[in-house]
Structure formats: structure tokens, C-alpha cells
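Given below, in the form of C-alpha cells, are the structures.
In the two complexes that follow, chain A is the common piece, with chain B as its partner first and chain C second.
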Partner chain A sequence: MNKKLLFLSSFLFLLISMNCNSQKSNQYIARQGEMSFFSYTSAENIKANNDQVLSLIDFSTGEIAVSILMRAFKFEKSLMEEHFNESYIESDLFPKASFEGVIQNLDPTHIGTQTRIVKGDFILKGIKKTLEFKIDINKIGDVLSVKGEVEILVKDFNIKIPPLLSPNIAKSIQVTFNFDYSEYEN
Partner chain B sequence: MKFINYRNIHKLIIVSILLLTAIVISIIAYKVLEVKPDTRTVETHKSLTSKELFAGLQSRSSGDLIDYIEKAIEVEGVVKEINHRDNLYTILLEGDNYNRQIICEMQPDQNFEILKLKIGDKIIVKGILKGFLMDAILLNCIIAQ
Partner chain C sequence: MKIRLYYVVFLILISMGSQQLWAQDLLSKLVKEEVKEPSYAMSTFKGNRLSIGHSVETRKKGALEATFMSRYWNTIEESNNNFIADRMCARFGVDYAFTDRFTAGIGYGPPNGIADGYIKYRFIRQGIEGEGSPIGVTGLQTATYRSRQLTGIENRDGFFDRTAFTTQLLIARKINSSFSLQISPTFVHRSSSSNPIDDNNHFALGFGGRYKVANHVSVVSEYYYVANELESIETYGAFALGVNWDVKNILLQFTMTNNQIFTEDTFITQTSRNFNFKDGNFFFGFNATYFIQL
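Then we have the complex of A and B:
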């Protein structure tokens, strides 16, 4: 009987401490976030998808971090992919892009969808730009998702496009993303 | 005069044929370059286990692994998770610890093979190494064994 009691009390203590820890961290991870970009011109429309974007979010502070492997973008045509990695982004030199920011006025207790502004630094090709854009945050229980879109200007990131191809690539690129998070246990 | 004209026409025909051949070859070359190769037909540059892959990163011989980016590698590991989205499967192989895994985005023609898999199976996947975030990322993967 004593042994049983000891076991039960130990188990309860373990459960309580686990619960306390998870409440303290409130961190979520998306290992396979979706990100797409679109370039619309009268000459050609270009679309690329990356389904392996990494993102971490601290729901108590509103801090969000995103890391994007540039070579994981998939294009309809492999020649486009080659141009993107070798000529425009120089993926050998700059394999990742990243974003670190804070969600403004995030309500961690809100159940359902809340639209908020996120402000932070986006780094592409080693060039840092501050971005501010709208995101939709949906949280029901432990299920958390964030989606939104942002506009990136080609000229801001030293992306050199040959004059011959410049009519085919838009000056402003639309980036959309959708991240499904799960609880992060580190 | 008639003879000269005939020679000119002859030349014109030859030039036209050559031009047409060049255009056809260019179109074929362009189309061939457009098509992404099947991973089955791509040479395997390295074979290793999931643990060896992350051990390589830790010992900062990751330079060696970076040499394999955009090349086909084979990785042996244990299936941790299978995800399906937009008709595309992704297999997550166990890495060195909870936080680092191997993400293998499968070729669409692998869907039938994936249905036979279950969590905990030991498999070998072959895919194009794209790089590393928290996890190693391989695209266009096939089940090699």
C-alpha cells in the first residue's frame, strides 16, 4: 500500500512538473512550413514552392523566427531553379534566408484566429531589411498555425537580373506562407 | 546564269536545313533541361546512416557534407513520421536526437511504396541533399531499400 502511494505521488509530481514546464516554455515548432513566391509579368509567370521551411514561435512573448533553405524551392522548370540558385540568389554563398521578429499585441489567451502585425528583420543574400506585414494566427488548443503574405522588392537584395531576362521577372515578388506548428520540447 | 541561280538555291536549301536542325536541337536541349531527372537515374555520391550524417556535422567535417549538396545521397535510418500533403509524401527519419531529423520529401511516384511503410521501419532512402536547417533536407527521394 505504501509502495502504491509512493508511486502515485511520484507520478502526480511528475505530471505537475511537466505541466509547469510546458506552460513556461510555450514554444512551438514548424519543421515543414509552406512558403511560395510568385513573380507576375506580362512575359512570364514564375512560381516556386518550398515545403520544408523551419519556424519557431514563442507564444508567450510573440517572438517568431523563420529559416528558409533556398535550394529547397521547387520550380516548374528546372532551368528556372538553376537560374534562381546560381545567378540570382547565389545559394552556394547564401544558402539560407531568415526572418526574426515579434508579433505585435499578440494575445496568447485568445482562442481562434487573430490578425496581427509582425515586425522584424529579414535577411536574404546577407542583406538585412526590416519588414512589417500582417499575419493570421489561429490557435485552438495545442494546434497553432500562422499564415500570411509579404512583398519583397528585388532591388533591396542585390539580385542581379540580366537585362535580357528582366522583362520576365517582376520587380516585386509576392511571398505567401502557411506554417502549422506543434509543441516544441527542447 | 541559270546555273548560278541553281547553285544559290542549293546553298539556300542547305543553310535552311542547317538552321532548322539547330532550332530543333535547341528546342530538344531546352526541353531536356526543363525536365527534372528521376532520382533512380542519378548517380549516388555517398551512402551513410542517419547517425553518421549528423556525426559528420558535429565533428565539423560538415564541409564534406556540403560537398554533396545538390547531389544524390543514400541515408539509412528509422522511420519516425510519415506526412502527406498536396499529394506529396514526406518521410522523417530519426536523427541523432529529438531535435534533428532527416526530412525526405518523396518523388510523387513513390506513393505506392510509402503505403507499405510503418513507423519504426528501417529503410534506405536516396534523395538530393539540399542542405541543413535544424534537420537535413533531401528532396526527390525514392525508397532505395
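Then we have the complex of A and C:
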């Protein structure tokens, strides 16, 4: 009798705990996140935009994931876009870049903007690097947006720049992003 | 009591486990959210021209290219006292992409005085990741006009007698990121023939390939087989072996070939020398294409 009760109660507990989890999962998705990168040198300024970046954020745990389709970056000069995909990023072999991290000390109950540090792994061209950068999280009701800036070093990701072109491409690339999220239905 | 403790530990573990499972999947959830848009293979070849002939590539809208093409060779008859080479010939051209699929160009070549123009339309673009078309298909139509009064295999009496037209279907496949192949059924029509035994229409088949040896450097080769060759002169298939090197806005093409004319109708049907390294047979080609985005 006692054992039966215990079993039943444990089963109930399990159910409740699982239920708790799904209720707690307040996840948000950005399907058309904007991301730009800039390379400033005295010889040439290069800029590219991508407005198809995917991102998912778990507001209860502070986890954030970003998936970037490399060929969706658009350049002013079509030849640059070709070189970017064909020679530098090799988007045939590495179609996507991704980021997976945790927002440190995220306050899920905070209304308005909070600036937090996010720390996680960025994978580009199959190379994983730990990045730490500041982001602004703005949440009012169900409206959530995240924006920020991060610097990427070209040499970290096996991007080979021929000596002739090295004055035209910056050593560190500035990446800015702005994601608008909506509630994610599992 | 002991059993109860086990249960509690077990339950805690399970609930933790489920939470873990819940959290780790953010990236894989994103994979499910990806919108499949048709995307096409980029850069099957690097330029409008493979080395001597056209490639399946067209440029993106608004791209203007200024091209300088040249060939240098020595003759058997003369002593090699000249600087670099005994003879040279060139073509200056402009190519413009009206849309992502439609490119047109014009050119003029001294000292032969051949003016040419072409239009090129990309019918089918090769898909990627096993979706869409396995090949890319581009149609090319060229027209040439011989402005100089020289003896040739064509008559040069009236305006129309001096023209020739080439129609090509360029079929290519980017097999992997560094290797691409092209096959091009070709029809050449020459408006006149000075010798009645020559046919005005020729059928040919072009073969081309490129192999990327480095990110900016590729080795390219082309060969043209002519089904009904000229009868009045002995001709060989046009062959080219070269290196393409893209530097910033410039594409440099270095070629070893067996012909000196830049227009399709001429080099496909009228190449009179076999490919080897002897004077008179060996032609060194150098093309520079400057890219401007309008």
C-alpha cells in the first residue's frame, strides 16, 4: 500500500515537474534578424547585410542560439559577394555560422532595456571560438528585441587573404546585429 | 525508507535530465525553422570567359566589365629580334549585365579589324544541396563583322558577306567547390565562303573545365571539336590551357593556345595550327578584365 502510494506520488511529481518545465520555457524566435558586418581600412570600406538570421532565445534560462546563412550576406558589389562566398568563407563547404551562448545574469522579470554580457561559442568555417560581448535586451510585454556588436578577428577563422588584398580587408571585422523576436510555439 | 530515498534521487535526476534535454536543443530547433529558398551554385567559373571561349557564367545586374584581350606569338619566317614577340593581336571589349541573367557585350580587335557583339542569357541555374537543376544552361549568340579588306576564307565584298554568327548552348556543372566542367554544342554560320567547297555552316562541340588550385587561382582548359571542318584549308581543334587569377577587381587570364583570333566563329572553325610549342604554332594569351559595379 505504502509502495503503491509512493509510486503514484512519484509519477505525479514527474508529471508536475515536466509540466513545470514546459510552462517555464518562455522561448522567443527571430526569423528575420538583421546582421551587418563592416571592414574599415584606409583603402576600402566593405559592408554586407543579412536580413535572414535566425535566433532563438530562452528567456527563463538566458540561453541564446543564432544561425547565420553565409550566402544571405548581400554586398554592394556583386563581385565582392562572389569572392566572399567563393574564396574567403567558402560557403559551399561551410554554409552556416552559428552562435550558442548564455546571457549572464539575465533578469527575466525586468521590463525595458537591460545590458548584459553574453558568453558562448561562435562557429565559423568549422572553427569554434569562445566570444564574450555586450548585448542590449529590450523586453516590454511580449515584444523582445536584442541588439549588440561584436568584433571578429579574421585570423581566428582560417580566412586566407592574399598579400595583395590585405590592405583592403581589415584585421578585425565589426559585426552588428539587431533581432526582433516573437513568441515561439513548440 | 531506503527505497523512498532512491525514488527521490531518481526523480530529481529525471527532472534534471528533462530540463537539460529541453535546454540544449536551441540550435537544432533553429534548423527546423530554416526557410528553404531556391539557391543556386555560385561561380561555376570565375568570368564571362573560360579562357578563349565563353563560360556558362553571366554577371550580376549592374556589373560592367572592361576587357583587354591579347595574343602574342613568333613567326617561323622572321628572326626573333622583336621585343617579346613577333606578332600580337588584341581585342578591347565592354560587357554589361542588364539583369542577373542577361549579359551583353561588344568588342573591337586591332589589327584584324574584327568587330563583335554578343548576347548571353542564363536559362537554367544549377541548384545546390541536391535540389533544383543539376546543371546550368546558358545560351549565347554572337555576331562578328570583318572591317578590313583582307583575304580570308570568306568573301569580303558586301557588308553582309563579312559577317558570321555563332550560336552556343553552354551546359555546365559545378561538380564540387573546385572542379567544374562545361560542354557546349555550337553552331557557326558564316555568311559567305570564298571557296565553294567550304560549307557556310559548321557544327562543333566545345569542352571546358576548371580546377581551383587556390582560392584565387584556377587552372582552365578548353577544346573545340568541329564535326564538319573547312575543306579549303587544313584546320585543327582550338585548344587552350591557362591560368585564371582574380586580384581585387581584376581577373587576369594567362593562356597557351593555338589560335590568335578572339571571336568564336573564327577560332572554332579556322584554327589552322596544331597545338605545340614551336614558333608559329604557339600563342600566348593574356586577358585582363576590370570589374566596375554600376
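Operating definition for what follows: the second predicted complex is superposed on the first by the 163 of 186 C-alpha atoms of A that agree within 3 Å, B and C clash if a C-alpha of one lies under 4 Å from a C-alpha of the other, contacts with A are read in each partner's own complex, and residues count from 1 in each chain.
FYI, a contact is a pair of C-beta atoms (placed from the backbone, for glycine too) under 8 Å apart; a residue touches a chain by one contact, two chains touch by 3 or more.
All values reported here derive from a predicted model rather than from experimental measurement.
Because the two structures share chain A, they can be overlaid on it, and in that overlay chain B clashes with chain C.
By the touch criterion defined above, A:S78 lies against chain B and chain C together after alignment on the C-alpha atoms of chain A. Shared-chain residue A:S67: touches chain B and chain C both. Of the two partners chain B and chain C, it is C that touches the larger number of chain A residues.
Contact with chain B, but none with chain C, is seen for A:E185 once the two complexes are overlaid on the shared chain. In the superposition on chain A, A:K147 makes contact with neither chain B nor chain C. In the superposition on chain A, contact is made by A:L54 with both chain B and chain C.
When the two structures are aligned on the shared chain, A:K129 is found in touch with neither chain B nor chain C. In the superposition on chain A, A:L93 contacts chain C only, with no contact to chain B.
In the superposition on chain A, A:N168 contacts chain C only, with no contact to chain B.
In summary, superposing the two complexes on chain A brings one listed stretch of chain C into steric overlap with chain B, and the stretch in question is 61-69; the others among 61-69, 151-159, 223-231 or 259-267 show no clashing C-alpha atoms. Contacts of chain A with chain B, set against its contacts with chain C after fitting on chain A, overlap at residues 31, 52, 54, 67, 69, 71, 77-79. Residues 3, 6, 10, 13-14, 17-18, 21-22, 25, 27, 29, 31, 52, 54-56, 58, 61, 63-67, 69, 71, 76-79, 81-83, 85-88, 90-93, 98, 100, 160, 162, 164-165, 168, 184 of chain A are the ones touching chain C in the complex.
Across the complex, chain A meets chain B through its residues 31-32, 34, 51-52, 54, 67, 69, 71-72, 74, 77-79, 95-96, 185-186. Chain B meets chain A in the complex at residues 30, 33-36, 69-70, 83, 85-86, 88, 90, 92, 98-99, 101, 103, 105, 130-135, 137, 139. Against chain A, in their complex, chain C makes its touches with residues 3-4, 7, 10-11, 14-15, 18-19, 22-23, 26-27, 29-31, 33-35, 39, 42-43, 59-63, 128, 176-177, 215-216, 246-249, 291, 293.
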